[in-house]
Amino acid sequence: MDDADLSGYRIAQEPHYRAQGDEITLFEAAWRTRMPMLLKGPTGCGKTRFVEHMAWRLGRPLITVSCHEDLTAGDLAGRWLLEDDSTHWQDGPLTMAARHGAICYLDEVVEARQDTTVLIHPLADTRRQFTLDRKGEVLTAHPDFMLVVSYNPGYQSLSKDLKTSTRQRFAAIDFDYLAPQQEAEVVATESGVSPDMAQRLVALGERTRRLRGHGLEEGASTRMLIHAGALIAGGIAPTLACRTAITAPLADGEDMRLALSQAIDALL
Amino acid sequence: MDDADLSGYRIAQEPHYRAQGDEITLFEAAWRTRMPMLLKGPTGCGKTRFVEHMAWRLGRPLITVSCHEDLTAGDLAGRWLLEDDSTHWQDGPLTMAARHGAICYLDEVVEARQDTTVLIHPLADTRRQFTLDRKGEVLTAHPDFMLVVSYNPGYQSLSKDLKTSTRQRFAAIDFDYLAPQQEAEVVATESGVSPDMAQRLVALGERTRRLRGHGLEEGASTRMLIHAGALIAGGIAPTLACRTAITAPLADGEDMRLALSQAIDALL
Amino acid sequence: MDDADLSGYRIAQEPHYRAQGDEITLFEAAWRTRMPMLLKGPTGCGKTRFVEHMAWRLGRPLITVSCHEDLTAGDLAGRWLLEDDSTHWQDGPLTMAARHGAICYLDEVVEARQDTTVLIHPLADTRRQFTLDRKGEVLTAHPDFMLVVSYNPGYQSLSKDLKTSTRQRFAAIDFDYLAPQQEAEVVATESGVSPDMAQRLVALGERTRRLRGHGLEEGASTRMLIHAGALIAGGIAPTLACRTAITAPLADGEDMRLALSQAIDALL
Amino acid sequence: MDDADLSGYRIAQEPHYRAQGDEITLFEAAWRTRMPMLLKGPTGCGKTRFVEHMAWRLGRPLITVSCHEDLTAGDLAGRWLLEDDSTHWQDGPLTMAARHGAICYLDEVVEARQDTTVLIHPLADTRRQFTLDRKGEVLTAHPDFMLVVSYNPGYQSLSKDLKTSTRQRFAAIDFDYLAPQQEAEVVATESGVSPDMAQRLVALGERTRRLRGHGLEEGASTRMLIHAGALIAGGIAPTLACRTAITAPLADGEDMRLALSQAIDALL
Amino acid sequence: MDDADLSGYRIAQEPHYRAQGDEITLFEAAWRTRMPMLLKGPTGCGKTRFVEHMAWRLGRPLITVSCHEDLTAGDLAGRWLLEDDSTHWQDGPLTMAARHGAICYLDEVVEARQDTTVLIHPLADTRRQFTLDRKGEVLTAHPDFMLVVSYNPGYQSLSKDLKTSTRQRFAAIDFDYLAPQQEAEVVATESGVSPDMAQRLVALGERTRRLRGHGLEEGASTRMLIHAGALIAGGIAPTLACRTAITAPLADGEDMRLALSQAIDALL
Amino acid sequence: MDDADLSGYRIAQEPHYRAQGDEITLFEAAWRTRMPMLLKGPTGCGKTRFVEHMAWRLGRPLITVSCHEDLTAGDLAGRWLLEDDSTHWQDGPLTMAARHGAICYLDEVVEARQDTTVLIHPLADTRRQFTLDRKGEVLTAHPDFMLVVSYNPGYQSLSKDLKTSTRQRFAAIDFDYLAPQQEAEVVATESGVSPDMAQRLVALGERTRRLRGHGLEEGASTRMLIHAGALIAGGIAPTLACRTAITAPLADGEDMRLALSQAIDALL
């Protein structure tokens, strides 16, 4: 497989991304030395969109892996498949990226099992190598390979903390929600509501984010505000739309649901 | 496999569904942007019937997966099968739905292992993609694919709570038992008892639901009332029918059984 | 495989069963609507014999599965087998029953893993379907399929309680030990002892059942009394027979063994 | 495979067994109705030798399974093997015994996983059947099949207790160490020491058994006394032989070793 | 496979290594008797670089294995692979090293499962052997085989401590961060910043290392200082570079981030 | 495979072994009746060397298995391998020893899983048999088969204690470090240092052994003293050699390292 085989992982159109600060400049500087990058921040604040934008901007294929508790090193590295009475090796997503020079994005890396975090260590230091034990191959990463991982420090339990030996290998960029004016523009554009309604939805979003740690694990993401806007634009009454897109998914208990309803009544 | 192959998943006849409120309008508005939907409510209040009704109303095939603790991402995504000395890929139910444009309904999604909830994340945000790691394929969902999950917040333990990063991706509709008059009509129709007996069974059902959290985890569902009615219609004495259809399955301890018997004696 | 292939599961001769109350009438009424049934009661009180009797009475094949902690959904549903270089599907016991219209009896259902209880949910409500994920088949149950499960509420730990969402799908019949006169007749008939000795064994059985919760988890079942009778009929002295058939298997500690010995000395 | 194939499991020569009480008569009475038997008692008191003796006396093959934590139902029932591109079924030891009419002896049954104890339930009640799920076969036991299990109640933890639903299916015989004179004869015969030395070893054994629960989990078995005797007969000094055969294997701590040494010095 | 097949594991160019003390002399003395060596010290202080340097200096191939919780003895020893209808054995990395005389480096050995540490015991004492159970081969190590393991005692939990029976088999060298002047030279050389900026970065690194045990598990490694330097050399402002390369990856909490920011403001 | 196939397991040259006491005589007496033997003692005190010496002295092949937490009964017993489209059985190390009459040495037997200890029970009593469940073979051990296991009682946790039913089957020999003069001769011979230096190293070793239970789990083994000697003989200064061979591998904490340094300074 040569580079062309990663064509399915190339990003053809510019993903819309609105910079929050210096993150594009920082990522470009990191890219120059292929420095492994860690993106930190809450759910839905744009980390995934950012890495898609950067892959497009740098013209590199992007291979994304959503990490989870059962993701093993073998899933990332590859495996032997039986076909026509013989076996052939199939590269896993990390191997494919390292071999052909893609950006490999491990989303929510702490969700994966420990063996996967150790697997990326030799790829994330000066060696830029990893050993495919089952294949008996020492793979030196392609010069254009870059490793990016994400991590939400907001609600990690102790057992899901990022290991210090992993942290030591990465530089990190902090992400947060958009500034209100920016966020309102995004909500208006993506949901089809008026700028005024978008501003009121963003004000509601900010109100919910202040409840973080006081009964909510996280406030409403921009995505939830867009959901509410889309329902409104589709003809649903604003309070019902917000109850459906924000209150009902975020809260189970009566107290919190009441608090959110009052905020909706006050702001919409 | 083209769309026709999902014919086994099409719903030929209109499933009887009696709306509780705005849920049909809300679901249709959500459908227009293929917004991922979360259906919340107690066991047996009609969530499954509702999604069958909506699939029929929207003319889409419906693929339902009952989630459980051993459901893995591989079960949803698909697997390689060995046949005639070679292997071929078999799409799992989620892949099939995403590829061919069905509604995929994950019933009791919190029962599944964490890897499955992470698997649905990229399908439930603007990417509408997921990566079949073992097949090396990035699948972009069919324009008509829609993801629906259900969740009973009533008796979730902490370890079975829906993850915040999952909640952020869904809008939600709350479900509850039918209003008494509606429920009595359903009980009479489906069990064959008289309207009067149906009303008495519904009154009994409401009495048991008030015991929720006071010795019962949940009250009698409409389904249990229909069971009682069917036994009565089949010639069993009402008190014996209710003991068989309601008391005996719901309660093990003597105190609760006595309380339920007294309610049965008073109401039937 | 057509219906004839279940011939191994047909019950040729009437299994002797002595009704405790209305259970035969109730089961027949439930059978008319194929209502899923839950049989509750202590070990050895005749639940298994009852379901065999009903299968014979209704003329349906009976497929029994003894549930245990390692029973998986795959064991019930079926699996792919490799044969002559190709694979063919083998229905599991639940699939076989649903496909060909047998009564499927899941004995001690709470012993099974959670995935199996979820598997039976769509078979136990109005859908009467289940999805063979690994085969890609949605199976609608045969009109004569009926699901029966058993459950001993006496010594379930919390982790082995029946889930509320499962309870909601079943009507239930309570079982208990036979009335003394009936039990003595059974003991005499099946062990070969005299009616007088059978009555004394039953009196001993009742004495042990009063110790339940006071050092014994359960008293002696009818089966244990028959064991004692069979040893007596085989020439063993009554006290030695009871020590062998009742005291030694039920009790390990000296105190309880002494209490049981005194009861034996007093009654035999 | 017909009965002849169990020839490897037949016991050609009478295993020497010295009865402790009525156990041979009891077992023969149980055998007449093929009553499932539970042998209870400490390690090394002759349970295994007894069942070998009874198998020889009754002229039946004996299939013994030493149970352990990783013994699964599949190990007992059997499995599919791949051979020459097709699969054939291999009966496990329990299936083999049930099919061809052997005595099946499950040694230390509580050590096995729960699924194995459930597997034996339908074989241990009036059904005398079990279902080979993976083979799709309902096996009715051969008329000469008999099930025997052993259990050491002395040091079972709560999690290793025999389930009540299992106890209800068995009659039980208690075993203990031999009476002193009998034990001395066995020690002399099997080790080659003089009758006097054998009696002194047995006195030492009894002393250690009184330490049970006071620092020792069990006292010295007859087997350990034979070991000591064999070392003495082989020219080792008695105190060194007892230290090697009894003190060193039984005790790790200095206090208990000192107590045992003093007993050795006093008695030998 | 002969020695030439390890050519992929040979180190062609001298890896830059700046000695901290006597470690090169010590390792050479250990090499003469092939004494198993344990390298102790914090993450990123040069243990991996040292063993690469020594392999180059001694002219031996180096096979490195990053240990992790799911690394099994089978992964190290080797496995049977199916190919063209037959199976052939593939040596694992430890077997390959032992057979052909490489240095085998097990990085973070305590992360591996216990079976792997036991596997290395007979290779790490006078036997210099290990048994490939699955292959039925007793392999005596090549005269040039040497075993090296690393271990970071700084943040091991009790369950991750090195077993005493393993410690007994190794001699050990302690590693620590470079002396300030040395470290500044490395930072300047590898990142491209001026000597003055490199010294300021090293001063910052030392400040963070004093926070170890007071809110940080480890201070900034030399690698992190090089990351900061590379961002500065790439045009990023020093405080932003240090926030990105040091503060953001090391700290999640606001207090620690503030403490690190103040150190950055004071020193850069 | 006949006896000759165990030639790889024969010990060609006499392994140097210096007897501590009666252990050679005791082992020879045990060998005459093939009595199962348990070797008890700390790491590195010569248990493995002793069993190699006895195997050579008795002229029997020796098959050694280092036990670990993941060692299963299947690893010891054997397994089916697929080769050229059919399967053949491969004896595991214990089966091979039992079949062909080798001494089988299970090193650190308590590290293995429970199923392995149960597997050896019928081989370690008068039956001298074991059942290869997966092969359907009852194997009676070769007359020259002998079972030897080792066990370090010093630092066993409760969960790693040897089961009483296992202890009952073995006679045991206690091992300890060599007497000082003997140990000094071994250190001098094997490391190449002068007798005076060897005596000083042994004095240091004894000092560390007194710290057992006071901060050290075990003192320095003879092997560690030889390591120190070999470094000294290779030109390393004695204090640095002892720090490398003794202090650094044994101790992580500053207090213990200081205590050991002072002992080194005082004695060398």
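Letters are used for the chains, namely A, B, C, D, E and F, taken in the order the chains are written, and counting of residues starts over at 1 for each.
Rule of thumb we're sticking to: contacts are C-beta pairs under 8 Å (C-beta built on N, C-alpha and C of every residue); 3 or more make two chains touch, one makes a residue touch a chain.
If you want to know which protein each chain is, UniProt gives these names: A, B, C, D, E, F = CbbQ/NirQ/NorQ/GpvN family protein.
Please read all numbers here as calculations on a predicted model, not as lab measurements.
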Touching chain A and also chain B, the following chains: none
Per Cα centroids, the chain farthest from chain C: E
Copy-to-copy rotation for chain D and chain F - C-alpha atoms, rounded to a multiple of 5°: 60
Copies chain E and chain F touch via same or different residues, half shared test: different
Distance between the centres, which are taken as Cα means, of chain E and chain C, whole angstrom: 60
Distance between the centres, which are taken as Cα means, of chain E and chain B, whole angstrom: 52
Centre-to-centre distance between chain C and chain B (centres being mean Cα positions), rounded to whole Å: 30
Sequence positions of chain B contacting 2 or more other chains: 82, 85
Contact graph of the chains (line, ring, star, complete, other): ring
Ring walk, chain A to chain E and onward: A, E, F, D, C, B
Complex contacts: residues of chain C adjacent to chain D: 8-9, 43-44, 48-49, 64-71, 75, 79, 81-85, 90-93, 96, 107-108, 111, 152, 155, 217-218, 220-221, 223-224, 227-228, 230-231, 234-236, 240, 244-245, 248-250, 252
In the complex with chain E, residue positions of chain A that touch it: 22, 25-26, 29-30, 32-33, 35, 38, 40, 72-73, 80, 82, 85-87, 113-115, 117-119, 121-122, 125-127, 131, 133-134, 136, 138, 153, 156, 164-165, 167-174
